[in-house]
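The structure appears right after this line, and notes come after that.
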Amino acid sequence: MSQAPDLPLWAALLVSLLVVAGAGVAFLGSLGLVRLRSFYSRVHAPSLGATLGAGCILIASMICFSVLRSRPMVHELLISLFVTITTPVTLMLLARAALYRDHAEGRTNVPPLPKRRPEGAGPGEGTT
Amino acid sequence: MSALILGWSLTLAQLLLGLAMGCAVLRLLRGPRAQDRILGLDTLYVNSMLLLLTIGMRSGATLYFEAALIIGLLGFVGTVALSKFLMRGEVIE
Amino acid sequence: MEMVLAIGIGIFAGSGVWLLLRPRTYQVIVGLALLSYAVNLFIFSMGRLRVDSPPILKPGSVGDAALIADPIPQALVLTAIVIGFAMTALFLVVLLAARGRTGTDHVDGRES
Amino acid sequence: MRSTLVDHLVILPILLPLAVGAAMLLFDERRRVLKATLSITTLLALLAIAVTLAVFANAVPETDISSIIVYPLGSWPPPFGIVLVSDRLSAMMLVLTAVLGCSAMTYALARWHKAGPRFHTLFLLLIAGLNGAFLTGDLFNLFVFFEVLLAASYGLVLHGSGTARVKAGLHYIPINLVASSLFLVGVSLIYGVTGTLNMADLARLIPALGDQSRTLVEAGAAVLGVAFLVKAGMWPLSFWLPTTYAAACAPVAAMFAIMTKVGVYVILRLALLCFGEDAGASADFGITWLYYGGMATLAFGGIGVLASQSMSRLAGYSVLASSGTLLAAIGTSNSAVISGALFYLASSTFALSAFFLLIELIERGRDAGADVLAVTMEVFGDAEDDAEEEEEEIGIAIPATTAILGGAFVACTVLLAGLPPLSGFIAKFAMLSALINEAGAIPFAHWAFVVLLVGTGLASLIAMTRTGIRSLWVPAEGTLPPVRAVELIPVGALLFLCVAMTAVGGPAMRYMEATAQVLHWPSEYASDVLGTSTTRSMRPATTP
Amino acid sequence: MSDGFLLLVVLTLPFAGSLLAVFLPTNARNTAGILAGGISVTCCAILAWLYFAAPAGVPVWLRLDWLPMLGLDFTLRLDGLAWLFAVLIYGIGTLVVLYARYYMSSEDPVPRFFSFLLAFTGSMAGVVLSGNLIQLVFFWELTSLFSFLLIGYWHHNNTARDGARMALTVTATGGLCLFVGALLIGRIVGSYDLDEILNSGDLIRESSLYAPALVLILLGTFTKSAQFPFHFWLPHAMAAPTPVSAYLHSATMVKAGIFLMIRLWPVMAGTDLWFYLIVPTGLLTLLVGAYSAIFQQDLKGLLAYSTISHLGLITLMIGLGSPLALIAAIFHTMNHAIFKASLFMAAGIIDHETGTRDIRKLSGLYRALPYTGTLAMVAAASMAGVPLLNGFLSKEMFFAEAVADHTGSLLDDSLPYWATLAGVFSVTYSLRFILNVFFGPPAKDLPREPHEPAHWMRFPIELLVLICLLIGIVPNLTVGSPLRNAARSVVGPELPPFSLSIWHGFNLPLLMSVIALCGGIILYMLLRRYLASGVEGPPLVRELKGQRIFEKVLATISWQWARALEHALGTRRLQPQMRLVVALAVVAGLSPFYVRGMVGTGDLAGTPLPPGFALLWAIGIACGIGAAYQAKYHRLAALVLLGGAGLVSCITFVWLSAPDLAVTQLLVEIVTTVLLLLGLRWLPQRIEDVYPTRPPPSVLFRRYADLAIAVAVGASLSFLAYAMMTRPLPTSVSRFFVERAYTEGGGTNIVNVILVDFRGFDTMGEIVVLCLVALTVFALLRRFRPAEESIETPAQQRYQDAFDDAEPDRAPGETIRDYLLIPRLIMLWLFPVIGTFAVYLFMRGHDLPGGGFAAGITLSIGFVVQYMASGTRWVEDHLRVLPLRWMGLGLLTSAFTGMGSWWFGYPFLTSHFQYVELPVIGKVPAASALLFDLGVFALVVGATVLILIALAHQSLRSTRSARAMEGE
Amino acid sequence: MNRILTRILPHPKLFLALLAMWLLMNQSVSPGQILFGALVAFGGAWSMVALQPEPVRLRRPRAMITLAWRVFLDVFSSNFAVARIILRGRDGDRNAGFMTVQLDMTSHYGLAVLSIILTCTPGTLWVNYTSSTGTLLLHVLDLVDEEEWTRLIKERYERLLMEIFE
């Protein structure tokens, strides 16, 4: 394993903190994937990694390279932008697909499919 | 010294991300339903992106950035296709 | 690292081959994909393992082969990846056509 | 480096079909006449180029090797860059490819080129792939061209669609994909040990390898060998072959007659170059396996030929028999046998190609199920009963088409069985004569090979007469097969070549002898290739 | 013209004529006849001229270059023996042509017949005139081939087909044996030249290869000359038109074997092996043939068996090894040819005139055919060995030789008895031929009313019978000289004393002749009743029908056994084949370790293992095994797990310094997922498990075997990879690339410079592969026929549409519109973003990870995203995607960039780069490699999009066809 | 003037965004990169013409900033909230459930941004939106007070979004 880059101590500390925090958040999110019991609950889990986790690590990366190169390196912003835009698309599509599947299979613990007037469309029981 | 700190913390971060990926794969393997597996894959993608970033930081080179960027920008395509397949039974109508 | 990668290659190859020997076309295509991962990693490993030394030069410099990862296996893997992708696509379509024409997904085009 | 013109000529067999094939993608599917004209012109040009290269390769005395042309692509000197190498063997294979290409394409113009989209491009790219495989002097580039020709062949096997073709593709493709994986494993292993991909460089390096490195290189070579043998159709790696060839449409199958020969070519080239007499401790590596494997293939081919109900399967098994013959001949590592085998290679390629074209013409309009019934009747029916009935003793006038088809069929029979007067006999004679005239006592394996060669010839004769009588002599009901002249011309041309090879067997055989002789001087080849200088230092580059 | 060239004319004229006859119109009976006759007569004339012109005792020669390196020169050689046979061939040939002209019906496509006949004549001449043993074999096999065509001339008749096939199979098999025998002789002598061979008698006889060579050659001659037990093909060859029988079974085909034995007699005879191989064979053939001939009911069958018997007689005499016996053999060959030809022709006339050849139906024909009858009687008498006819002379010589002592063995001593017995038989069948056909009450119920045939049809018989008489009466005057010439060319210049006269005084041979004549008459009397009963075939051996046995054996070996073997040694199934390929690869790959000893791990220091990497591969392994486990029942799960495995290998690339690979692998991964999903649409639910409970043991065993193979592959590959990774890198060619990538390739990304410059040719091939696959996919999908179960729209869509339909306020399709409302918007706007990213990847490729391929895939993903978001119709209404154009242009761009270097006189693909100084902007790289990469980019976009879209279009097509079905 | 500009350069905002993206990716603002980036962005903008997206109207930059800040805070805090739920154990999601919200916003872009915001915020998930009725179906991980969530969405986000997009 090669040596990590030589940063000033403050930067190293900051970067380390952010990186570990980010990874920790991502891990927590993924842990949710294992621990939460219903699918619809689990869908929330990856957004931890995609938001705070990614944010921390991307900021860490920005700091790290900006310090290394002695000039602002902010292209990580692009990643955060793209992740922010695309993650909802996937989760949304997935959750809704699951909803329709559950309906098609006649599961009762999901809310009814949309109709024109929301007749008592109250909260459904989200657990299985 | 700072390299050591950074090195250790990056190792720790990689370990944590590895565990995160492990959780995702657990879901991927266990299911029980297709949507769970897809969710696992999506999470796996996000976690790998973060892992790539930590590898990049360790190397001190921005060469690995594009790989992470690809996951960020295009990683969702696979999941979208999978979700749409679940929803509609076909990917492109 | 070498040991881990070697085991990984072996597992991918073994899983791939197991699937290749199965009777269902879909199993075969997944097997081919797994096998190609294994082969790509194998080719890659022929350049030996280097961490943090990608074969990319500093602008204006003459490279030193001793300091960077061997670029040739990487170039070979790139070609292999592309060809592997193409072949997966091809086999997929053939298996679909076979499924349509024979009414079975058995590799021999008939249930045996 | 020689004259510039000839130098660039070497790459044309690859580039010309590639560019024309690509250009045809820009034209609409319906512009058939244009495409046909382009294809035929290209193929004829390729034939001319190939013949020029062969003439050039043969222009020096047999004892001189330096007639090989080395073409360093990108002006990078070997062993670093990819080189194309044209010598007698390559040039001969190019000629064969071009001849087959011309005839199969001509044949296809009658109907088959309309049977699916982009036939011309697929076909020309197949030619490009074949030519590339024959010309390249680089192991990985060989892989790439193998993939090109395989990819084209996948497309062509499926050309015309239909259940049988799709089912055949379902076997053909995965088997070859696995073989390609083996190819990659072998090549990379060899690279990992030797650090080179250039075949000539490899020949230079192998004799000096250390013990453990040698073992690893041999492992790589063995895996590589299995990959090639799958393509060459060695038993027991060849069960996919008859089905695939039988399923392919006629012009494609005719072109496929050279596909197994690519495997054989590579084995011949690499076995003698890298594991020849100069290879030190690795000399003759695997050669025994080749010998016995080849004979097993030959035997299996013969058995299959006898067991075939349909003509196309018979032809497929004949391909195996031909492969087996060649592999076993290489396995003898006897220069005289190999020169005979090279003659046989050319002859059997033409013959099989013609036969594949012919089968379709004969079977056209015939009931497919009739074959099975006829054989069963023949075997189990009581011939005595038929003899009782009074029979008409006036011959029936055969329509010209049938007569021509019949004549061509007889020619094919004679060729496949190795009977006079066509080139099959000369080829077998050359090999048998070399085997029997081996210096010292004739080894047992040689006897076995002799028996197998003769035996498979006999098997072919029996099977071919059986099937020929059934399809050409048994009074057929129904209409005549609609055969067009443009379909008969290529068959005739291929058979004519076989006649020519008999009549002017001398020069042809001399070429083969020189080829075989030169193949046994790997070190000369290597130094010729590696000694090629490039004008790289003068290339117009400005250092930034 | 030299004599040698005259020989060439003699040989080639028939072939030329044959070729010419092919082109004659079907009804040109006379033209073809004149052509064939003219050629035969010309050849006879040339032979006659050569007889007188050429110096005696010295063969006439012609040698042309053919395959000198193989010891095969085209050599023609005419000595006394060859002359005698050549004259028989062409002489009788002329008569047969004349006869055939009248025999063959005018409706017959006679030119074909004459074409085959001429070719056969030429081949026979080739056999006797060859001065090279291989060349002799060459023509030998040709005679088999053309005789096949002649026998099968009436191929609409089953018997003709069977007869032809049998003759070909037997004689060609023998020919192949002869071929090997000839090769052995060549090895012994060191030459195939007949002169040299004939000078190497001692060498041959003393060689260790003498026995195999002799056996092989005799197999050739025995099959050709219909010796027991290979005789059975000959009677069945009678299905041929009678002129063919008359020709093949008198002077030619069957005499080829005799000729060769005589030819090689000087160098191979005289050993015990020769005697004991040939004499018993000849004797058995003589007796079996004669015995069988007696009981034939078919006229031509009788003659056929008598031919067999006479061939046995000749063979026997050759086998005796004495010069006198040999001379007798030559003499009898000649005599037999003459009388047998006439008898066949007579039989042909009978057949022709009465419409049958069945002896049981024929009777008293003398009244209707007095002239033919007389001729037949004379010829038959000659066959029976009646004095004053030629047959008598050679038979007397035979009897004399039978009595003489050769080896002193029991066989030798018993020969006179056997010879007499054969004589008895021959008298019996000759009598039967004459008495049953020409005498007795007039036949009733004949298919036709017999009349004397046209005079010219009878003329050949008259001539032949005349010759019989002439030879029989004045042998010395007529055949003395040619016979001696022929004998000299075999035995040598000094002939043993022998006399060609009718009367040798009262001696043992004469007594044997008398016994034979009387015995024959008595035997005929005894058998009359039996024969009249009309039983088919000879008693005792009736059940032993050669043809039946042959057919059965052939069918068993060449069909049933072959099929069983094919089945046992091969397979038509994929799995066993795959098993073999993989298992053999493992065995082959490991064999060097077995042979050379194990290879240990190398001494390269290992790379320290980060825990993250280990974890990563734990995941990879889980994904790999999971995919293998799930692929059968949970396709989607397997697909997702496969994606996981791909991701792991991608991260591995990043970890191990291969950013380019990671980028490419990731992109390919994404496209592959979409691709497989597009395909999954057409794979209906899996059929139920074949083995719902527990699979049978055989299946279980196969599974374990597969598992073993898989484990073996994995372990071997692991081992190899580990062994390699722990060994230092050799001095590799990559050093050259590393050092020159920037200075000469103009890029800092070495991998990319390799791909577009150093090894650009590989890349070119690679994009061709992609192009080909795309075209194939496109072509295959044009004819795509989905599985029954998947033609309908997927269940999900039906469910959702039904829901929309059922709700009063919703319209079908609203669900999907709502579903995609927001994602579609986002994906739409991503299109230019992805495009920009693709350009970015492309532009930086030469210096940093990226490149044409990655950019191409990226852009095609951009397209696919649009297809997913908005559907095929919508996208194609808005974007004109012309994948084939992209592909064509891409390929051409790459090719032409490579060709650009020709302009400067450099080989293909020689790159050129420089930095262009532009105002404001500064230095801009302008490398030809970039243009090459542009081609790659275009092709990849085109091919990938084509593949994906072709698959996507199937959904459209299926709704279209579903609609069409509803409409009907 | 504006029309002429859109004739030459359609989607100027997209053009600027793409240019920015280009420069960010290349991490350079050299004239060469700007020129080339502009070229690429120009092509990108034109490619969007073919796809004919609904026109976007963006107003009130202040509202945008306010919204961004709110979202940032919410995402941050939600992360902790969800983390806590996950750490709570096996039945950490016992309060999870679906709820519906009646939206007044009709702008598709506004809805898109709202969906992004809600989905990005851990703990809330945009599940379904029925355009004909304007009903949004959400899944909330900690659904204790449904009113509270409705208020949050409608007042904290929807209002601002409507200001920006409508």
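Each chain gets a letter, A, B, C, D, E and F, in the order it is written, and its residues are counted from 1.
Everything that follows uses one rule, which is that a contact is a pair of C-beta atoms (placed from the backbone, for glycine too) under 8 Å apart; a residue touches a chain by one contact, two chains touch by 3 or more.
Note that the coordinates shown come from a computational prediction; the quantities given were computed from them, not determined experimentally.
Using mean Cα coordinates as chain centres, the one most removed from chain D is F.
More C-beta pairs touch across one of D-E and A-F than the other; that pair is D-E.
Each chain gets a centre from the mean of its Cα atoms; the one farthest from the centre of chain E is F.
Centre-to-centre separation of chain B and chain E, using mean CA positions: 60 Å. Chain B and chain D have Cα centroids lying 49 Å from one another.
Once the centre of each chain is set as its mean CA position, chain C and chain F turn out to be 39 Å apart.
Chain A and chain C, compared by their mean Cα positions, are separated by 30 Å.
Of all residues in chain C, those that touch two or more other chains are 20, 42, 46-47, 51-54, 56, 60, 72, 79, 83, 86-87, 90, 94-95, 97, 101, 107-108. Shared interface positions of chain E, defined as residues touching 2 or more other chains, are 572, 574, 578, 582, 607-608, 610, 639, 655, 659, 717, 720, 724, 727, 729, 732-734, 737, 743, 759, 762, 766, 769, 772-773, 776, 780, 783, 795-796, 800, 809-810, 818-819, 822-823, 826-827, 830, 833, 837, 848-849, 951. Listed for chain F are residues 21, 25, 27, 115-116, 126, 128, 130, 132, each touching two or more other chains. By the touch criterion stated above, chain B contacts chain E in their complex at residues 11, 14-15, 17-19, 21-22, 25, 28-29, 31, 34, 37-38, 40-41, 44-45, 48, 51-52, 55, 63-64, 66-67, 69-71, 73-75, 77-78, 80-82, 84-93.
Within the complex formed with chain C, the chain E residues making contact are 572-575, 578-579, 582, 604, 606-610, 613-614, 617, 620-621, 624-625, 627-628, 631-632, 635, 638-639, 642, 645-646, 648-649, 652-653, 655-661, 664-665, 668, 671-672, 675-676, 679, 682-684, 686-687, 690, 706-707, 709-711, 713-715, 717-722, 724-729, 732-735, 737-739, 741-743, 748-751, 754-755, 759, 762-763, 766-767, 769-770, 772-774, 776-777, 780-781, 783-788, 790, 847-849, 853, 943, 947, 950-951. Residue ranges of chain B in contact with chain A, taken from their complex: 1-10, 12-14, 16-17, 19-24, 26-27, 33-36, 38-40, 42-43, 46-47, 49-50, 53-54, 56-60, 62, 65, 68-69, 72-73, 75-76, 79-80, 82-84, 86-87. Against chain B, in their complex, chain C makes its touches with residues 51-52, 54, 56. Of all residues in chain D, those touching chain C in their complex are 140, 144, 147, 151, 154, 158, 161, 163, 166-167, 169-171, 173-174, 177-178, 180-181, 184-185, 187-189, 191-192, 197, 544.
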